[in-house]
């Protein structure tokens, strides 16, 4: 493919190039899995804690559960933003629901019967892509947590069905751009988050035309470039 | 196309057939636009109220704004469900954000400068498709509200850029099914909500593989059938 | 009686005349009883949902319970009003307590042992008399719910002791006016809500002299005209 | 009148006899008016604080305002009850709204232009009649606060139009009983709170047949005995 | 000791002199212990209520518990302050935690197994020293409550290990001043609260240099004068 | 000094020895100052954000302000703890008030007129001493923030009056132990937090005898050992 746009990315990346990725694992000791994940200037603490017991709606079902929480530390942005308190914003709720659904798609819940996994994504520094980074980094911490649970003999087989990862892609001047940073996020007319697994299947597709609509063919182009990026991310986490 | 599945729909519909639609308009007098919209057994009160003034982040911008609220009346389901109070569920927040974004896509905000439109979607009876029905019904009430504003001489030209409508589509046995009722919603492995405008462009695509993942080709099939349904819905609202 | 005042009612009614009443029943399918009740321009959705179990203070008492919730939809007034959230206003709490007490007075609680009835009064359009209309309309939905419960063989005898209905009455120029609409409600010096049953007994009397006080003889005149109105309302619901 | 019932009151009072009353005034220094009011074993701290300024809806109206708050101290009952927190119960809201309305009826709001009076009724010990005691005691503190405001030269004339007082009355065995204590309150079939002013006019009448209904003639008997009690209370506060 | 400062106390007290103390006990009937405690113009209602049962973390431990709540009545200050609602201020939480810890230090928890004591400190009038007064007055109510529990035969031996009392002390011009009233509290550069028991041991020391720091030797001087004051307070409560 | 106790510290430290300290600075880019501070296994993110403007009570005073927030990340402990939401615990409020007071003591508020500094202490891993670590680490971030403000020419002179640092000390078997980890924190009978500045003056002293009281001489010993530790910490931050 030729360069898809005259748009010059602020950090000089090619239009289908991921940001540099850095993973520090384990990052802290208390949780079963923990990783400090950096995607360019976006930095996330991803932890997975495991508790015995399941929510009421699963009692007696012989299944486990996974739930996710997402927060931005107040100093993760300029200017500092207030902590969410008393009620979560719609944005935060959407993000933590998306992360939860995506990571549940990676798990065989019968293999973690009677355990609840809680994934915490805390944003240290926000420069775009925190929700997709939360899925990608969250999966890495999840895998470590599953490994620990097996090593401790608490479960018999790995509950991981397939690896999952996620990336954002946007349209600028009608052309797809991979892995948007904050500055690019403000510039796109269409914003899409794509979650895929290691078999190449889609887990979640969310495309939003806030300032413009998009055609079926543009949707296809965005999915193509997302597919490329996710394959690179998955290579990293395996 | 041939029938896409052996699955028999509970209400005998073809796999790409919408439910019967009934619109009562106007429904109440106070709001600028109001419609009682029925999509099969799903019944929604959709109203649009207009207030002078805009939110703080738009002051001085010469633009108007549209915001949406979505609630289920407690007796809209069996068993009765409690009213959301003190904090909205993630589901409710996601839905009202989706409705708001989709209807904003229909409007030229400079044509309603200094006005805020509030769309209220109150679910009287829930049988699947309340979020897409809220967009489709909400647009009809929005159009009536814009007409009234023009008739009253408060705005000069219609702020409607394009009509929008929305529909759900799901995968059952790997095949697409249009306009899911509640029973079907429980049965699908993949659930997608599609919002399109009257030019055939996509406004929003949200596909979720809660119990299974989906391929690019299945995504395409779902979008095809959604496209058919939305065209029928748009014919109705024009 | 001769006309009690020189005051001309905005809608031309006689001083002791009810507004036109329209009842649509059933209105929705999910609840055990449901009615769309219109008293002039006041429109209410009245539903009764039945759940097994009783509140803690009644456990083991061989009695059932009835509780009521009252809300105004945001577009029920001009201008639109915000939904009550996080805390209910004193007005709303007073109204739903009044509706609950009044409808409990209609029931033999031992005949619905182990069931809780929840009455939801949602105001679609507000033009005065929503609390008394909620009692009158709520009773009609309650009767339907009791009939259904008997038809399903879940209770043996009707729990209805007596029909109840309610009406407002006010003083304008010192004279009683029946069934106030919103415009009249603003004009009265004294506002009274009266709840009676089909034996002619009082269930509740609430008279408030916000802008003026009232004599014992004026209280008697207001009760006389309320008595006339309630008898007409009860004829309707039987 | 002859004794209206065979019912023997627990404290030996006649059926139309008030409990002993004790007033300590002033009780604390900070508020403009303060009284420790005892009606039998019911003890209330009634204070009136005065602030400059009025609520938004009165700005520019040349009127003042009065608002009331009512709370029970946790140790005012056996067993201790929790403080109301985050949301007020319906009972508390009803009571403080009743106290506010009743005391506003005593005032000429144009005489306290630009002042807001806040009446706080804090129940030290609860033995029935706290809401009517709050009105009676609150008026006494209100009068002191008005006197102080005049003495300080901040207002020119007394804003008191008429004294107000309140009392409860109930039906036991179909007969009226004046000024119910807690034990009697549990025994009555009908419970009525009556607020009157020093001209003998009614300010508020609230009669509730929780466990039984009542006839017009019983209503009249209850109002007669309330009238007697309130005249005695007003004698006390003048 | 010579006079420690040229500072003249507003009420003419010596620099190491307590305010006049007045205790009215019992003050109300419902709680097991109750006292109206006055330290100069600071007035507090201190009650101790006893309930069966202990918090979850103590179940099965054969120990009892004591918890404290602290509130200021809105009219306790000029101007009136709003009731704390929905969330407690940090100051209030600090104070009630301090009171709870200090009074727990006085008790042998095994002697009140299965009982929870709730100490309520409600400030009627605030003139400085409400937290230390709450400890001193709370202990007196606690002792009465323990005596009652023994008299009723519910516990076998007194759970009181040692009497406790508390006092504030501050630095003005670098010199210690005992038992600060509100005006002095504003003037001090360092503010310290000291809790001691009847054996002369320290229970709690909290010294805060809001506007200035302090030396070890000044700390010693403040503790000396606090020691003197607490001994006088303890004499009073025994 | 000889070893003060037979108690063997779990990590083999001497009784008056600090844990190993590791500081990573800067840690993130957005805030004016940021440090990842490790005191043994206790890890804290300490950031200082600077906003223009001051709280209402300081407007027009020509002073700046500093406020602090403290939170534990949910995975900082085993088991995971829930995020504080809707209301802060008393412990959290106490801690963030203490941190705020202590760091304000380090600043000349007139040198940061019209700026508000917000210190965020987020606990990544909790092993005792998070509040004192928050003060010590918070000061280091505060110094960096002040340096940046001067470098940007926004303030003329350094607002730092004196460096501050804090440490915990406890009594085990009646002997003082410096810089308690979590396991030791559970073992002490008396717990003290000491804040000092670089001139050797005390900023704050908080000693609490939860399970035992303490003598004046024990207080002195604890202050001696705290003094030693704080001097070492201050050497580090200068």
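Note that the chains are named A, B, C, D, E and F in the order they appear, and that numbering of residues resets to 1 at the start of each chain.
Operating definition for what follows: a residue touches a chain if its C-beta (ideal position, glycine included) is under 8 Å from a C-beta of that chain, and two chains touch if they have at least 3 such contacts.
These are the chains along with the protein names UniProt gives them: A, B, C, D, E, F = Ribonuclease PH.
This structure is a prediction, so every number in the text was calculated from the model and none was measured.
Here the repeat of B-C among A-B, A-F or E-F is A-F, since over half of its contact pairs match by residue number.
At the far end from chain A, in terms of centres built from Cα atoms, lies D. Between chain B and chain F the centroid-to-centroid distance comes to 52 Å (mean Cα coordinates, whole Å).
Computed from the mean C-alpha positions, the centre of chain C lies at a distance of 27 Å from the centre of chain D. Looking at chain F, one finds that residues 86 touch two or more other chains. Starting at chain D and proceeding toward chain E, the closed ring of contacting chains reads D, E, F, A, B, C.
Per the touch definition, chain E reaches chain F in the complex via residues 86-90, 93-94, 96-97, 101, 104-105, 197, 199-210, 213-216, 219, 223. Those residues of chain F that touch chain A in the complex are listed here as 27-31, 34, 41, 43, 45, 47, 49, 51, 69, 71, 73-80, 83, 85-86, 118, 120, 122, 124-126.
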